[in-house]
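This is the structure I want to talk about, given as structure tokens.
Order of writing sets the labels: A, B, C, D and E. Residues in every chain begin at 1.
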Amino acid sequence: MSGPDNYEAASADAANEIASFDTGKKGIVSRFHHALHTTPALVPLIVLLASIAIFGVLLGTRFFSPFALTLILQQVQIVGIVAAAQSLVILTAGIDLSVGAIAVISSVVMGQFSFRYGVPVEVAIVCGLAFGTMIGAVNGWLIAVMKLPPFIVTLGMWQIVLAANFLYSANETIRSQDIAEQAPMLQLMGAKFNVGGAVFTFGVVFMLVLVLVLAYVLKHTAWGRHVYAVGDDPEAAALSGVNVKKTLISVYALAGLICAFAGWALIGRIGSVSPTSGQLLNIESITAVVIGGISLFGGRGSILGTFFGALIVGVFTLGLRLLGADAQWTFLLIGALIIAAVAVDQWIRKVAA
Amino acid sequence: MSGPDNYEAASADAANEIASFDTGKKGIVSRFHHALHTTPALVPLIVLLASIAIFGVLLGTRFFSPFALTLILQQVQIVGIVAAAQSLVILTAGIDLSVGAIAVISSVVMGQFSFRYGVPVEVAIVCGLAFGTMIGAVNGWLIAVMKLPPFIVTLGMWQIVLAANFLYSANETIRSQDIAEQAPMLQLMGAKFNVGGAVFTFGVVFMLVLVLVLAYVLKHTAWGRHVYAVGDDPEAAALSGVNVKKTLISVYALAGLICAFAGWALIGRIGSVSPTSGQLLNIESITAVVIGGISLFGGRGSILGTFFGALIVGVFTLGLRLLGADAQWTFLLIGALIIAAVAVDQWIRKVAA
Amino acid sequence: MEPILKGRGLVKRYGKVTALDHCDFDLMPGEILAVIGDNGAGKSTLIKAMSGAVTPDEGIVELEGQQVRFTSPIDARHAGIETVYQTLAMSPALSIADNMFMGRELRKPGFRGKVLRQLDRKKMEEIAREKLSELGLMTIQNINQAVETLSGGQRQGVAVARAAAFGSKVIILDEPTAALGVKESRRVLELIQDVKSRGIPIILISHNMPHVFEVADRIHVHRLGKRLCVVDPKDHSMSDAVAYMTGATVPDGAHAA
Amino acid sequence: MEPILKGRGLVKRYGKVTALDHCDFDLMPGEILAVIGDNGAGKSTLIKAMSGAVTPDEGIVELEGQQVRFTSPIDARHAGIETVYQTLAMSPALSIADNMFMGRELRKPGFRGKVLRQLDRKKMEEIAREKLSELGLMTIQNINQAVETLSGGQRQGVAVARAAAFGSKVIILDEPTAALGVKESRRVLELIQDVKSRGIPIILISHNMPHVFEVADRIHVHRLGKRLCVVDPKDHSMSDAVAYMTGATVPDGAHAA
Amino acid sequence: DDSVSACLITKTDTNPFFVKMREGAAAKAEELGITLNSYAGKVDGDHETQVAAIETCIANGADGILLTASDTSSIVPAVQQARDAGLLVIALDTPLEPIDSADMTFATDNFLAGELIGKWAAATLGDDAANAKIAMLDLAVSQPSVGVLRDQGFMTGFGIDVKDPNRWGDEDDPRIVGHDVTAGNEEGGRRAMENLLAKDPMINVVYTINEPAAAGAYEALKSIGRENDVLIVSVDGGCPGVQNVADGVIGATSQQYPLLMASKGIEAIANWAKDGSKPEATEGKGFFDTGVALVTDQPVDGVDSIDTKEGMDLCWG
């Protein structure tokens, strides 16, 4: 009975222009700002390059040798792989404290299946990978379906898995020499090759490939977008059609699988299968993730950032040791530098905003 | 020129009733539901009482003796005090990984000031408390003013403080016998008194009083409301007139002070001043907080819940030890029980919703 | 004619608060049904119960005569019900295009899409831009902006564009023009007419009486958690509707159900 | 007469997006100034710049002839400027009363208030209840409900009640009636008149032209990040205003500033 | 009741050394019909858990406690509380401070263990010892006493001035390239070795806190092809460690006997429960020395040693 108030009709020939502002200072600076906004991993990359440059100046060729630089890659490979898994979890606003335990028990399963039960080594490796995935899936199920907080679930799982690891392995190490003789494939990730003086291992290559693949998946597939959406606002994601449960379970299961690969890489790195390794991997991986700029509240950040974050810690650690800081002072300085790295990161973002 | 559309006038004699629903099942059940909604600490309390009952049945008087029950209080006192500090921080959506380190360095400062510099013991204690507060304030400043993520700031601070602690104390323990002779006040918190067969220490009393005072402050003062508001949505809090920076700095500084008290209580509990104690306090306090039902995303939960959370862990630990579970099995079971406690909590809330 | 979407005896309690109190609901095929009522009357809760976002404590929901039990909005979407929630349901950190295609992303054709499962960003952005232009939201300067950087009205426009683009059986709009400007509101009303002309029925919750009376075929008046009455905008004035919904007048034959 | 609140040459950029582009602004003592404009025109950004919620990149703000530089909304509040933001700025988990008194809590009298610093919950709840009743928001069943459990409109009502209760020099309302029902909107308009009669000037952002023309003394038309013109509702029709703000017509004498 | 019960409290339950100690105690306890409850800290240095464990043993009415203390002086009041409650407390492996806080100590001399490998390394290098380049792979930055004793013992044996014998890291002998911490596992061993190699690639002597750390250090050396011209010494005498000595990974290791400590301890508690008698100390020492032996296949003059075959017979896991 009542039509629209006719004043609304006045909007019919509305103009369609949008505010085009005289952006003033164009050129490099503005383009750099834009890059910072669209590529969040750029900031940790800058911090990384700066720290390499500083240590390079301070230490000269002792630091800038192919040996030292590839050494950093080898030292961060395990943390780097685990931090990739941690990134996925933290992007969903979760946290995984059980990453280190999963990596270690997977390596123990690989080793014990080969040596205790005489399973062919390929099968043993697959069993280890499957086992890690399974633990991750259980985490995911408890979090997504039972709606328990990730911190508690993975804290409990950490203790359970670690204790199970010690009970199952009876704390026994499988020696490097025995592995090299009977099941060399377990050490595959430690195999070396040379590229123009620099030494790489398969483990390092695996880490690099993993990071690139995950970066692709997160950016260019629907699953990746869902991971961000779930971390950003799980309720909104559910209302807008994301299967939040499935996404969460798949993220934790995949994290478990990646950790199991880290366990395999661990065998390659230390030669032996040792149930006592990897105890600090959870805190180290979270550190790398946060230095890399991923928000602990989920939904923001990129996996490349995590990779740079892991490298930043690696560069600091080796650089300080080379500068002659003793163990306790190194420990102290790394603490300070972690804060400084994030402060610089924040500062760059602010200046660029 | 144009008045209001007259249809709006029809709302002038609007009725003012509100939906009054026939609530159906009244009485105990509904009143219990209501209590659960208004008192979030009730759920961990139920879990606590249930676990005491179970261990009581399994262990009989070995568990239900005044000695054993007050032993639990003594065993959780340090974690309980530190968890109270952690609760404040987590309510602001932060996290403090440096709590244990602050407690230990404060106790070392108290001890070294008395013994190395011959400062009167009362002054030394005040210095220790001030030192803890200062570290907390630095944390708060970095987080509130420099806008760095709490996880990273306190992770870095943890390493810095712990290393400084080892360097400053030269890893030396001040022996209990010496303290009892020369500065007995350092052990004050360990002083025991008897109430009808049950043994209490000043440290335990301090913990109880602290929890009650903080519960009052959080609920009944403006500052307490601001802590919740900042944790809930810092931007909204700022827009609606809360001084977010001041609130955050005061929270971290207060947390530092409470941790310093925990350091004093630590001297009372172990008798000596030992720079290597308290290494697991950060993870243990966070566990207590989360089992107690405070959300890691801030703004929700109560400090009484934290206290019950700490007691739940204490009951499980003592109960399992008394049952004779060996160390790895105890860890494994505690891991499982942490998950189970939170699952029960979640289930009660769901049934009650 | 049978209702396409029907609710009977729906009840939803939140602790002591009663949001739905044995509420009935009918949406006929091809119609625009407006739902009006005071703040807090339970309108949003009603449509959430119909679209799977909350599970009612009691009562049944029927779609095309079949009883359905949606346990999540995804179920409802698969059944062809598309909803714009009052809270908008967007991921703030993601871009406009990402949000529009959330849960139904387009993949590149061929190997890259099938095997590498690569998203077709260009196509999604194109479609998003097109849908927003239809709504006159070209004041959005950059289609890759994160949703959190949009103004209140721009956000709402994106949500409406999403629902209109994908709804196949029922489209539910909870206060779609609340934050919109005059021009944008008009475009949404046009869009609603447009969707209706495609034969898709629409549920429209709104506090804007002129808009409601302009587009609605029937008006469901909601009060204190239940349907008070259904009025025909051709037989009743805006004043009547406002009087009913605020409780100033009791409609004839309103059974105090 | 000197403006009580004045902005000159305000600029705010968000990366590539320009929200304010050398914008001017004047609020006269005792008046109701409406700000209208398209979605995304920069209205919210303008009032945020005036109330300390964002710091403009360029330009100056003057309050009562004195240049001020608010670095936070608290500064503005201390200067007597009270704002209802479009996002409402409430702590979802806290109660209605807690939110209304956030940052200016009442303490109990005597020892309990001075020494124990105990809050006077009863009094705060009473006042909150009273203010909400004035707005006709008695459909809120429980004053201790967490804000997150309120319906969209109820939340907005609480925010408006808060600003009206505490503003002393300037009250800024960013789309205060967007989610409100007919009855509640009317109460807000009455409240605005009421506040004005107390001599306090008001800035009202709204897309509802009838409301704007009902209450405003002057209308600031905002377009593409700047003030296009200021019109007098007595000299211009709603159609004129809509045409100006959407860019359909260019107002006479509008300097393309 | 008249059944005898005992407690075993170890530093951690992750180090094979303590696992074997527990197995030894369990076997002996079963043989003597004693109930054994065992407890352990979560990590090295977890003192609080040990105190709680002692309290639990008192509450449980145990007859005696076997204890490897994490914090040797802080634990004393708790030990005193147990002794006051009538329990026999025996320190295993690590003496308390003061040593007579416990009723008896069954231990290896960790300083002596370090000294043996130090002497062996110096003798093996002969004249080159004067310009050796030594990497020290220690346990943790908190400098727990076992780590300090072994480290300082090694230096003393090698002929280096240790300065303050209560802490490592304060020496100024240029032969020490540096200290790094390993957490006593392979991973830490490898990382620490790499760090020190980056500092000075010409390192030719490596002291390690234990055999897993030695295995890790070996991997680091192998990766740059220097595994054959570096001397690695270690302490512990676990079976994989002795096997590594036989395989040439480790040059020499000092072997300890945790099983012996544990079974002696259980016997002592059994006797205490039976007739209240306490065990006697080894002559001339404040504690019952369970012995230490140098295991190597390259014996040197002036240092007693056993070969790996004998070492394998005596090894503990």
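By definition in this document, a residue touches a chain if its C-beta (ideal position, glycine included) is under 8 Å from a C-beta of that chain, and two chains touch if they have at least 3 such contacts.
Since the structure is predicted, the reported quantities are computational estimates derived from the model, not experimental observations.
Asker: Quick one: which chains contact subunit A and subunit B both?
Answerer: C, D, E
Asker: In terms of C-beta pairs in contact, which of A-D and A-C ranks higher?
Answerer: A-C
Asker: What's the distance between the Cα centroids of subunit D and subunit E, rounded to whole Å?
Answerer: 72
Asker: I'd like to verify one number: the distance from the centre of subunit A to the centre of subunit E, where each centre is the average of its C-alpha atoms, in whole angstrom.
Answerer: So the centre of subunit A lies 36 Å away from the centre of subunit E.
Asker: For subunit C and subunit D, let me know how many angstrom lie between their CA-based centres, rounded off.
Answerer: Measuring from centre to centre gives 28 Å for this pair.
Asker: If a residue has to touch 2 or more other chains to count, which residues of subunit A qualify?
Answerer: Touching at least two other chains: 5, 7-8, 11, 14, 16, 18-19, 166, 328, 331.
Asker: If I count partner chains per residue in subunit D, which residues reach a count of at least 2?
Answerer: 16, 87, 139-141, 182-183, 185, 209-210, 237-238, 242, 246
Asker: For subunit E, which residues are shared contacts with two or more other chains?
Answerer: Within subunit E, residues 13, 43, 141 contact more than one other chain.
Asker: Can you name every chain pair that touches?
Answerer: Pairs satisfying the touch definition: A-B, A-C, A-D, A-E, B-C, B-D, B-E, C-D.
Asker: Quick check on the complex: what are the subunit A residues that touch subunit C?
Answerer: 1-5, 7-8, 11, 14, 16, 18-19, 220-223, 225-226, 228-229, 232-233, 235-243, 299-300
Asker: Considering the complex alone, what residue numbers of subunit A touch subunit E?
Answerer: Residue list for subunit A touching subunit E: 62, 67-68, 71, 74-75, 78, 166, 170-173, 175-177, 192, 199, 266, 269-272, 274-280, 317-318, 321-322, 324, 326-328, 331.
Asker: For the complex, give me every residue of subunit A touching subunit D.
Answerer: On the subunit A side, the touching residues are 5-21, 23, 33-34, 37, 353.
Asker: So in the complex, which bits of subunit D are touching subunit A?
Answerer: 13, 15-16, 18, 21, 42, 209-210, 224-225, 237-243, 246-249
Asker: Along subunit D, where are the residues that touch subunit B in the complex?
Answerer: Spelled out, the residues of subunit D in touch with subunit B are 53, 72-74, 77, 83, 85, 87-94, 98-99, 102-105, 107, 116-119, 121, 136, 138-141, 162, 182-183, 185-186, 189, 210-211, 213-214, 233-234, 237-238.
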